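Here come two complexes built around chain A, the first alongside chain B, the second alongside chain C.
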Partner chain A sequence: MKNNLKVLRAMRDWSQAELAGHLDVSRQAINAIETGKYDPSLPLAFKIARLFEQNIEDIFDDEFVGE
Partner chain B sequence: MPDNIEKDSKITKNYNILYIVLTVIALIFFAGVIYGFLNRHDALTDDAISDYVIGIITGIITAMILLSAILIKLYKKFAANDISVKEKKRRDILVLSGIAGGIIGVILSLQSATDKELGFYHTYYAPVPTLLALALAFFWVICMPIICYYYYKLADEQEIYATRIGTYYSLYIYMIGAPTWWILWRGGLVPEPNGVIIYFITIFSFGGIYLWKKHRG
Partner chain C sequence: MNTGKFDIFFIFPGLASLPMMADGPGLSEPLITLSPIPQVIILALLGSLIASFIVFASAIDRKCTEDYLYQIISNASLVGVATAMLINMFWLLATSIWGITELSGQNMAGVTLFGWIVGYYWFRFRGITS
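Our next item is the complex of A and B:
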């Protein structure tokens, strides 16, 4: 799933390790989420949204086009 | 969007882990070559080892010393990464488990009764002292689940995801590979299925797939 986590992290000048520390996950988890290779669970997605004070939909894009 | 200097060297850190794994495998391989050669030499002849062979063994030992130095340097680089306390604990559990596995392997090799008839499979099938067998069985049945429990308690969701995917695919490799080997053996086409080889294929499949999912996605 596409996301702008890297951008949000860059705006706070955090490294992946620092963001991982805030979210209590590994640096590999952050890297995998940023590169779209791993989709976070709902609890983690909510944690990310709260940390950056944004809605989940503003951070993650499931590329839904509509019917 | 402000410029941001990427503080993490993702590729360097991922390759660090790969280099560590490859260095350890190379060390085990070279140790096995020396041990296997000396064993076969004792089994087949009473002659002294030639100077030429001593030279080769010396070269291999030198290479192993260099590899050990590289391994220590790689580990220091790896250990210096900015990682959380949980990740450090997990890493330490892995390292200690690896060392324990190595010690167990050395003890088994030294304690296994010598049986020249078994040839290549000597290390796997030779008898060991009963007390040693009980001690190792206790370690695997009692200690390993406890170690695994604490390891996965420290794992995050991406680690658990990589482990789950590794388990799925390695189980399929086992479920398809083992009966295939078995039926081909019954058809007289291949040697009899070997449980130890099947075990290691399953374990290495899991390890490879887990590492890929963990670090490359």
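Our next item is the complex of A and C:
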């Protein structure tokens, strides 16, 4: 799943470790999300959205194409 | 325990699984022989007791709260079990066809452990997207 987490993190000048600390996850989990190797759980996605004060859909794109 | 610590932690059982897979035949004549039913009962009781103690003492559900880590470990455990089943199947065929030495329980435990650890690092490298 595509996301702009890296951009949002850079806008706040946070390292992956700092962002991980805010979200109470490991740095490796943040890296995996940013590189598209892991889709966060729903609670974590909501946490991320609240942290950056944005909607989940504005951060994550599941590349859904309507029928 | 977080993902970073598991990356290092899993090296040790990975190394330990190698001599387990290499282990040769044990005693040809064991000192104590157990018939199947008592052996199953003893192992089931011991397994339940030790597993319960580990669940209680490790508090793993409270320490490992990260979904990412859980997904990797659980996916890797399926890989380990599947690996053991397939190797056991092919080795049995090889034993009957070519008469090679049968695998011991120690060997199979080593194979399962090794498969689990390879699966862990593979999922860490490849990712676990849906």
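Observations on the model:
Note that in this section the second predicted complex is superposed on the first by the 67 of 67 C-alpha atoms of A that agree within 3 Å, B and C clash if a C-alpha of one lies under 4 Å from a C-alpha of the other, contacts with A are read in each partner's own complex, and residues count from 1 in each chain.
The working rule: a contact is a pair of C-beta atoms (placed from the backbone, for glycine too) under 8 Å apart; a residue touches a chain by one contact, two chains touch by 3 or more.
All of these numbers come straight from a predicted model, not from anything done at the bench.
When the shared chain is aligned, no partner comes close enough to touch A:47: not chain B, not chain C.
Of the two partners chain B and chain C, it is B that touches the larger number of chain A residues. When the two complexes are overlaid on their common chain A, residue A:35 makes contact with chain B and with chain C alike. Touch criterion not met for A:22: it reaches neither chain B nor chain C.
Look at A:13: by the touch rule set out above, it reaches chain B but stays clear of chain C. In the overlay built on the shared chain, the residue A:1 is in contact with chain C alone; chain B does not reach it. For the contact definition in use here, the residues of chain A common to its chain B contact set and its chain C contact set are 25-29, 32, 35, 37-38, 40-41, 44. Contact residues on chain C toward chain A in their complex (touch as defined above): 2-4, 7, 66-69, 71, 124, 126-130.
Residue ranges of chain B in contact with chain A, taken from their complex: 1-2, 4, 6-8, 10, 13, 81-84, 86-87, 156-159, 161, 214-217. Note for the complex: chain A touches chain B at residues 7, 9-11, 13, 15-18, 20-21, 24-29, 31-33, 35, 37-38, 40-41, 44. Of all residues in chain A, those touching chain C in their complex are 1, 25-29, 32, 35-41, 44.
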